[in-house]
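Shared chain: chain A. Partners: chain B in the first complex, chain C in the second.
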Partner chain A sequence: MKKIKLVKPKPPVRREKNRSKGVSQWNIAWRRFKKNKAALAGALIIGFVLFLAAFDALIAPYPPNATPGFYIGEARVAPSLKYLFGTDYVGHDVFSQVVYGARSALYVGFGSAAIAMSIAVLVGLISGYYGGFVDNILMRTTEIFLVIPFLLILLVFLKVITAVVPSGVGGLSIVMIMIGLFSWAGNARIIRGEVLRVKESEFIEASKALGASKRRIVFRHIFPNVLHTIIVLTTLMIATAILVEAAVSFLGFGDPAAITWGQQLQKANEAVKEAWWEGVFPGLFITLLVLGFSLLGNGLRDALDPRLRE
Partner chain B sequence: MIRYIIRRIIYLIPLFLGILIIVFVASRIAGDPVRLMTVQNPHITAESRQALSEYYGLDKPLYYQFFLFLAELFQGNLGNSYALRGGTAVTTLIGDYAWLTFELQISALILSLLIAIPIGIMSAKKQYSKLDVSVTTTSLLGTCIPVFYMGIIAIIIFAYFLGWVPAGGAHSILAERYPFGSYALDGLWHLALPAAVLTFATLAPVVLLVRSSMLEVLRQDYILAAKASGLSDRSVVYKHALRNALIPVVTYVGLYFGGMLAGAPVTETVFNWPGVGRLFVEATTKLDFPVIMGITVFITIMTLIANLITDITYGYIDPRIRLE
Partner chain C sequence: MARKKLLEIENLKTYFDTWAGIVKAVDGVSLEVREGETLGLVGESGSGKSVTALSILRIVPQPGKIIEGKIIYKGENLLEKTENDLQKIRGKEIGYIFQDPATSLNPVFNIADQLIEVIRQHQKVTKKEALERAIELFRLVEIPDPQIKIWNYPHQLSGGMKQRIAVARALSCQPSLLLADEPTTNLDVTIQAQILQLMKSLKQKLGMSMVLISHDMGVVADVADRITVLYAGRICETADTKTIFYNPKHPYTIALLTAVPSLVLRRDKLSVIPGTIPNLIEPPSGCRFHPRCDYAKPICAERIPPLEEIETEHYVACHRVLEIDLKSPLGADAND
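This part shows the complex of A and B:
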């Protein structure tokens, strides 16, 4: 009888070293984003304004609200080397004021967007996933906020709050909170739509079959799949919030103690004939920053949306 | 069709009530209406305050006051202004200012649609061409410039440096200033700059919308079929594609119109245009609540009507939408 030779099986070849590393979703998105020149330009603009806001005291030649031109008869002088963007009616250096305005714009932009998007995500997720009665109530409320003449109500509330709350309290934060509280509706609706779309997918069905709880499905499965939409909407929301704050300040309902670009435009509007530089530069910065966030938002949409992938 | 319209109208009622409640709450947070009403009268006595409070039902509970307000509203009575023109009725005030607001907003809306649709089509027909890139870039920039900044720049260039048009207002004060002595021409002359700026501001998002909607339609199979059957490019684009591409545009017109009306305070302030928007800013600064509520109600109703018309047209032009 022939003896069967037992051959020890070869250990499996460890291929990990040779195998190319898996590319994560974020990696793919980043690769696509890098190719988009417009989006990179947007990011660059935002970086520039962030830099201005972070080092405003070092960049601005004069302290906040200083009136270097006032006592020496240099109020409302045209741009020169001494005053890069000229001076305004009381001799503020327009360049310094524009630099200090960066922080207010970013503060309101990020803050309002954070508030608005928190509400929008919560409403969108709950409404989209639970459906039925809850969805009905939430969506009717959303519709009220959509049809509401947003700017009018915002102005009234700002005026009322500043009339009731003693001066010096809140200020710019009140403006930020009010903008946030009134501008979530459109985004909530979009997120709800996305949730409805994801909810029908097979992997949600599978997860249900495995006995996952509702909370787990919403936060572990649905949320990550609508995250790309949320990121894009947040970026665009920042742009909108900056525009709204500028409009509110322009109408004189902003925080009078803060230095904002909208307020500078309001002052400038009283004297565009005599001093064009008072308004042109602050407005240029509003436009630039809003453009930055819009470009970034559009770029992120192209980079993150899996349906646009080839 | 009529059933559909009635359903839409019934559907709008809770929306309208919700908005009224929000404004009403704001008006009561602001403080005692009697105090706001009599702020300009230093000689008022405690008794007359009391009498006023009873007269307006302010001693009653809040929900009762709200129903009182509703009852007056449905009789077309919005109360009298606290601070403007010696307590004129709010309806008279709005009546005096609304026409100018409509004149500006509607001319801008129509002009921007007339310009945006052809531009959007051309841009979509030659996607990624030089024309398309410059159109989309300009439009994107247009959506980023605040309308008041655009207004200020336009005033600096066209009113001050070039001197072609007046910088603000709706009419010359002196009759000698009327071009060719005509009041109507004077109105047009004053309308030109605000309408142009507002047109440009509204134009940008509409161009982007028409373009993307057209691109989507041009990708459809039936367009390929139309091309394959030998129809000319012109006929394919204008006869087959355009009709379907305009459907989303129609939906947005209603929304845009509401947005433009709500943005009236800003546009009218830049151009010193005496419409309801500027009236609203003035009233809000003075916490003049009857006027504030009146204008909000007015603009909300206009927005809701615009939405209703949009909904109906939408159902009418898109056979895929069932009107039941």
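This part shows the complex of A and C:
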């Protein structure tokens, strides 16, 4: 006779703790983002530059604006182990200066983007939701900002302001603020368009029917639904601001006291043939960082768009 | 018999000022909803059913405008109230259910947040109390596992589930009146029956009144106590449900009933009402149904037929109501 095996009943499968929470749009976006190699590379580049900026004093072998090569005849020497990226015409260590430039680039990038996007979001939301007369006024203002030649007016304003404000008073901050103040218009229009799209949704009508006030509808219901656009635009705005700052500095309208990649490019300009390293390395970092933000922005666009779903 | 009036609409006119001209979407509608009853609002697409409902809460989308009329709710004219006062009535006194549950919930918030928001808008309760109330509502609309489901996002739920949530949201502050704008049109038939059953039992349980908008005679037959038939922004006929089905007097009501696919009346072809609903920018003169009406006479094109009470509680707007003897396609008054 066969022995009957007594099988212990398996304990019931425990529910994962996670199950009690829903899968939000953020969860979905993150899952999609993780799969996007290019976007991850972008994030990595930005992370790298952030790291440089955070620990610049530790990473850079020389203090800011130090001219270690000046007195010992090592100005404009080619990259070597001593000077990783070579030295420039006064003997600055290019590598150190590039490392210190990271902080300026991020400062201008994030600062300008914060200013520009704050204005753009406010104008876009109000204009899109309230419509009518308010919309008309705001959009005409936006158009004025869109049609003025951006870089030209920026340079003029910088010239005037630096003439009025005593030198040395936060020159880089002025550049940052001016870039922010002049580059919101395009984004405001995009956000307005998104608001118009969301505004017609039935859930907006539903919340109106359930007694939500106008302000509540704008900030609590419309804003989160255009947030994905805002995030993407912000990322791309940062990239643009970094480029514009580099251009402004290169043209000699920036803050000469600040260490920025654009300033370095400008100084390198006169010696492109003899000392390529003076310009190539700052230029490379500008390109790298802008590329990083662009990749991240595009990745976020793909990940955050609620219309796409796996 | 005659219960107290909860809502009374008098001569409501809501027009849309479009580039093509003024669309008279609702043109002189008068109706009433009594306490504890369900009024069915029936008509083809574009007959002004939804606009009537939206007008009650004054949320007619741009460029719509209420031109004239009175909307008296609990003795007060809603058209004279300020926007602030109305916000306190919307959602609290009068609930609203939209047609498409897939789009009437905000996709970026979980269900708990959306319910809590509505509850906290109208009642002074803490977040925790509101959450408890929300879970209670989930039980009320018979959603299994409320503690888990409430944290879901709309995209994780099925259409029927979402409509249950929309019902829960509309009921969250125990309104006296529920406006349901084609609540089952976008659901499949079995779910449709479930939701209707649910709304019917909730109406009983909570003792509220309901306005059920539908283009489906079958749906209102099941739920409504009285029915108002709308055509091109005007009322054709108002009567209790049984009268509308077994003793209708307006040619349009008959046409609507004939067009319902039926298992009882075996027909080879579905009958249709010839033509389409008229252009509401330049509606037909006189009775708006006359171009499509089999019984039309010259007078129908000349004068607007008044809404007259031909029997107690049976209102018909037709010039020829007494001349033509109409029979319901469903047969005579079979006792239930």
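Throughout what follows, the second predicted complex is superposed on the first by the 288 of 310 C-alpha atoms of A that agree within 3 Å, B and C clash if a C-alpha of one lies under 4 Å from a C-alpha of the other, contacts with A are read in each partner's own complex, and residues count from 1 in each chain.
Note that a residue touches a chain if its C-beta (ideal position, glycine included) is under 8 Å from a C-beta of that chain, and two chains touch if they have at least 3 such contacts.
Nothing here was measured: the structure is a model prediction, and the numbers come from that model.
After overlaying the two complexes on the shared chain, residue contacts for A:224 are found with chain C alone; chain B is out of touch.
By the touch criterion stated above, A:183 is placed in contact with neither chain B nor chain C. In the overlay built on the shared chain, the residue A:22 is in contact with chain C alone; chain B does not reach it. By the touch criterion defined above, A:163 reaches chain B but does not reach chain C. When chain B and chain C are set side by side, the one touching more residues of chain A is B. In the overlay built on the shared chain, the residue A:201 is in contact with chain C alone; chain B does not reach it.
Of the two partner chains placed by superposition, A:142 touches none, neither chain B nor chain C. In the superposition on chain A, the residues of chain A contacted by chain B and by chain C do not overlap at all.
Only residues 19-25, 131, 201-203, 205-213, 216, 220-221, 224-225, 227, 306, 309 of chain A touch chain C when the two sit together in their complex. Those residues of chain C whose C-beta lies close enough to touch chain A in the complex are 57, 59, 61-62, 87-92, 95-96, 98-100, 103-111, 117-118, 121-122, 147-148, 151-153, 155-156, 166, 169-170.
The touching residues of chain B, counted against chain A in their complex, run 14-15, 18-19, 22-23, 26-27, 29-31, 140-141, 143-146, 148-149, 152-153, 155-156, 160, 167, 258, 261-263, 265-266, 269-270, 280-281, 284-285, 287, 292, 295-296, 299-300, 303-304, 307. Against chain B, the residues of chain A that register as touching in their complex are 140-141, 143-144, 147-153, 155-157, 159-161, 163-164, 239, 243, 246-247, 250-253, 265, 268-269, 272-273, 276, 279-280, 283, 286-287, 290-291, 294-295, 298.
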